[in-house]
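The same subunit A turns up in both complexes below, where it pairs with subunit B and then with subunit C.
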Partner chain A sequence: MMRWRIAEDYAAVVIFRLLLAAIILFLIVPIGVAVILSFDDREFIGAFPPTRFSLRWYRAFLQNPNYLDGLVVSLKLGLAATMISIVAGAGAAIALAESQWRGRDVVETLFLSPKFVPTVVIGFSILGFASAIHVFDAFTRLVMGHVVITIPFTVRATLASLVGIPRSLGEAAVSLGATPWRAFVDITLPLARTGIIAGGLMAFVLSFDEVAVSLFLTDAFTQTLPIALVAEMRANLNLTVAAISTVLATLSVIIVLILDCAAGLDNVIGRGMYRG
Partner chain B sequence: MKPAGLQIEGIVKRFGSQLAVDGASLCAASGEIVALLGPSGCGKTTTLRLIAGFEQLEAGRIAVGGSDIVHLPPFQRDIGLVFQDYALFPHMTVAQNVDYGMRQRGIAQKQREQRRRELLGLVRLEGLEERRPAALSGGQQQRVALARALAISPKLLLLDEPLSNLDAKLREALRIELRDILQAVGMTTLVVTHDQVEAIGIADRIALMNRGRIVQIGTAREIYEHPATRFVAEFVGHSLWFSGRFESDGIRTGRFFCDDGLVFIVERPAATASRCGLSVRPEHIHLKARSDDENRIPAIVERVEFFGAELMLHCRLDANGRLIAIPIRSDDPAMAGQGDRVELGVSSTRCRVVPDE
Partner chain C sequence: MSALQRALLAPGLLILVGLVIAPIALMAVESFRPFVGGRVGAAGGWTFENYTELIAPAYAFYFWDTFRIGFIVSAAAVGLSTPLAWQAARTRLRIVRVSIFGLLISLLFLSLIAKLYAIQMTWGPSGPLAFFGALIGVPVRSPGYAEVLVFIGLLHFVLPLAALMLIGTFQNINPRLEEAASSLGAPRWRVAMSVTLPLALPGLLSTFMIVFAMCISNFVVPLILGRGVILFTTNLMYTRFSDVANYPSGAAIGVIMLVLSCSMVYAIAGMARRVAQGRG
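== the complex of A and B ==
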């Protein structure tokens, strides 16, 4: 009887580990395949693995004006959206943290809701809204859309870092003669800084990789890199896509690593349902 | 006449429908250390926050050094505040923490450095200027907080439960040290605490607070020996409480008839309330009545507890079967053992008739 139990336990542990390994493989292997293919020297998409390696698809990336324009747009868009998202998101988080009125939780949920709304819905809504307020410039529209999808992350990250700051610190500064604004700049802001920066980096990564919302908001002249990628893929599929994917993935990994070192990833994307 | 260091008159503060402070009045002379003592929820922290300006007053007046401060925002009140959690700025060094208030006042670096050196010397933290608060012990953090509050040369110093975050041993040492520092500085100080030992150890006078009001102000001895109400008698030290009624039988004395049949000869109270009772400190009861003890109460020792220097004798009174605990020194010649019959004695001068509120 006892022995059976132990065997059952053992089997469960083995099955669980296998499942975990399968999931990890499922997540990693396609990316690995893309990375390897990006160095393929063959002109066509041939059988895996490649037989010869070269950097030809990276050169193709750098020689295609569509991609380069897209890269510039994506970078500008990422920076603009991140800046706005940081200022608006951190501001909202600070206001939320200070206030104690009843509607507080509702407003907080509202700020975090773009996380849960389908991006297609957001994209379409922004498109409609932009035309309703007579904004027809694609870049402005894109900034609007990207601010909406990134703001939950800057709000969340700032809120998480503000929660750890005792109210008495600000009061101490005020009792020592600092105006509330001065106390905020000297005490609250430096202590919340890591959280704010982390949220900003997260926002940038998100904006840079975004496809669905951008799909609605770009036009023929203003395309983000991921959109240019999708368009190019449809027109003329080759391994430049793999090269660009590799570049994007590397960039994301670097930023996420910086994030994790600086603030802890948990603080930025939330701690799940069970908070310790 | 020198203006009072701190003067509070009839201050009122409500949270929703809850009266947190209900017309409290208090006066501290310039340079005096006053403790605001009371149980949790009595309104003492709210009073402190009202003085500091973090809460808005609804009625009443608060004056520091003779001038009204109610209309001033907290950052213009010139009040040094030591928070219960010390509230040291974690991203600044000890020196930067102490300097912070002086910087806000635009004091030149040279004077700042000199004042900082003086203060860190006073609180015995020389050499720790470049440490971060996280690298200090609890006691050191508290002294940094004190130095930081003193650095702005405030007109008034407020301490919120200054010793409650420290462990018991450290608390005792720091209590004496804190008292010495405060006396050396000579600043008007209000110490908010729920711990009577802390209040007695640090303050010149104690203001007892209950349900948003100041119930009694006096030195520790005055409060201990002449409690104004039942609350004071039971909150400060131990008290045996007998409800009943007082009848005067002369200019200085009277009789107190307890509801349960005992009669005490007592000193005549200064004032009699409609509902009053008799408060006797257990340590004023003699295990064997002395010749000048007017009140003699036969009892039997039911249980003896040993606490080292002190013993606690639980005696059952013959008259009403009530069990009372009397502390006596373990070397007291009047010692009695379990089961012994005793005649407890207490002097009329130790029996206090006080209002039951």
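== the complex of A and C ==
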């Protein structure tokens, strides 16, 4: 009986480990393939694996004005949208966290709601609205769209960082003679700092990778990097995209390493209630 | 409410009203306008035609594809992220835990386009895993393989998110319960099936719903991997606008998608509330 149970447990563990390995491979292998292909020396996309290696696709990336212009637009757009959504979102979150009035919860839900609106709907509706109010500049339209998709993240991250901080701290400062503005700058803002930074980071990453909203709002002269990449991938597959993907993958690993050094990944996720 | 709070709230409210509410209201109005070829913007008169024409089988098909693929992918994502999440939540080794976190978060930060490109190059016609198509009886070069690619792409996109959500679920199940079942003689698979899974059920369900909502509102995956064979409602909406310049019809699809996604969120919130009450 006992021996049977040990065999059963052993089989269960083996099957579980195999499944786990398969899932991790499913997630990692494609990224690895793209990274290896980005160093391929061949002119065309041939059988995997490549036989000779070079940096030609990285040079192609650096020499292609389409991608570089796209990169510049994406960076500018990401920064603009992030700044606006930090000012508007973090401000709103602080005001919401510090006050209790009727309808407060409704306003909070409204601020988080763009997250649940399909991104195509956001792009489509802003396009119609922009033409109705005679905004035809692509960059302005893009900023409008990207602010909408990023604002729930700055609001939410700031709100989360203010949970559990007693409102009385700011009130104490005011009763000791500080102006409300001074209390805001010296007390509330520093307390909300981690949330504001985290929300801003998420907002930038989200904006930098956005396709659906941008596709509606770009024009022939103002293209973001993702839009240029999508156009390239739909027209013909070439390995420049592999080089760019590798750069992006490296960046995301660097972000995670910084996150781990700064806060510890364990703390970012939380350990749950049954673990010390 | 103090003057300062009002000043802090104002820019956000302005953005909400100006960039979310007004555009969507305008879109809703447009969806009842008749389509006049070649013009964007208001034409005279009102009509329901933009909605009624979507019931035609040719269009209903897009909705069916979207929901069918979304459902299968969500089920697969919950099923496959469970072992990963459980392992991360229960392991005694810090290195295993942090490695799984690192993998999932890096994937979350990685550009979706880079991921889809990687999948195309790996599972596509010239990729090292192209034999998979023949294995399941859908040759790589056949049109049916587009659906396989969309499936793989969506799964790769939502799996890390599902796993991160489920890690929270498993962390909040008391491991003592599993240990107790074990020490009373239950083999491991029985512990998993009759103790862990039932306790995790609310978390599994809400993860499924969130992942499902993300799948059916996805746009990029079918755009890039669907080869024009698999189109989601989101892609249909874009084509209505970009190819035929039929703004009212696109607006009607947008309104339907908005209603669907709102009801989904409402259902998720309701479920979460019931679970919270059941525990409280």
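The rule we apply is simple: the second predicted complex is superposed on the first by the 226 of 276 C-alpha atoms of A that agree within 3 Å, B and C clash if a C-alpha of one lies under 4 Å from a C-alpha of the other, contacts with A are read in each partner's own complex, and residues count from 1 in each chain.
The rule we apply is simple: a contact is a pair of C-beta atoms (placed from the backbone, for glycine too) under 8 Å apart; a residue touches a chain by one contact, two chains touch by 3 or more.
From a predicted model like this one, the values you see are computed outputs, not experimental measurements.
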Subunit B or subunit C, by number of subunit A residues touched: C
Which of subunit B and subunit C A:Gly128 touches, first, second, both or neither: second
Touching partner for A:Leu169 - first (subunit B), second (subunit C), both, neither: first
Subunit B versus subunit C as contact partner of A:Val230, first or second or both or neither: second
Which of subunit B and subunit C A:Gly91 touches, first, second, both or neither: second
Subunit B versus subunit C as contact partner of A:Gln63, first or second or both or neither: neither
Subunit B versus subunit C as contact partner of A:Pro180, first or second or both or neither: both
Which of subunit B and subunit C A:Ser54 touches, first, second, both or neither: neither
Footprint overlap on subunit A, where subunit B in one structure and subunit C in the other make contact: 180
Contact footprint of subunit B on subunit A as seen in their complex: 166, 168-169, 171-180, 182-183, 186-187, 190-191
List of subunit A residues in touch with subunit C within their complex: 5, 8-9, 12-13, 16, 19-20, 23-24, 26-31, 33-34, 37, 45-49, 84, 87-89, 91-92, 94-96, 98-99, 101, 107, 110-111, 113-114, 116-122, 124-129, 131-132, 144, 147-148, 151, 155, 180-181, 184, 205, 208-209, 211-212, 215-216, 226, 229-230, 233-234, 237, 241-242, 244-245, 248-249, 251-253, 255-256, 259-260, 265-266, 268-275
Residue ranges of subunit C touching subunit A (in the complex, touch as defined): 1-9, 11-16, 19-20, 22-24, 26-27, 30, 40-41, 80-81, 83-84, 87, 89, 94, 97-98, 101-103, 105-107, 109-124, 126-129, 155-156, 159-160, 164, 167-168, 170-176, 185, 187-189, 192, 213, 217, 219-220, 223-224, 234, 237-238, 241, 247, 250-251, 254, 257-258, 261-262, 264-265
Residues of subunit B touching subunit A in the complex: 52, 54, 74-81, 83-85, 87-91, 100-101, 104-105, 148-149, 152
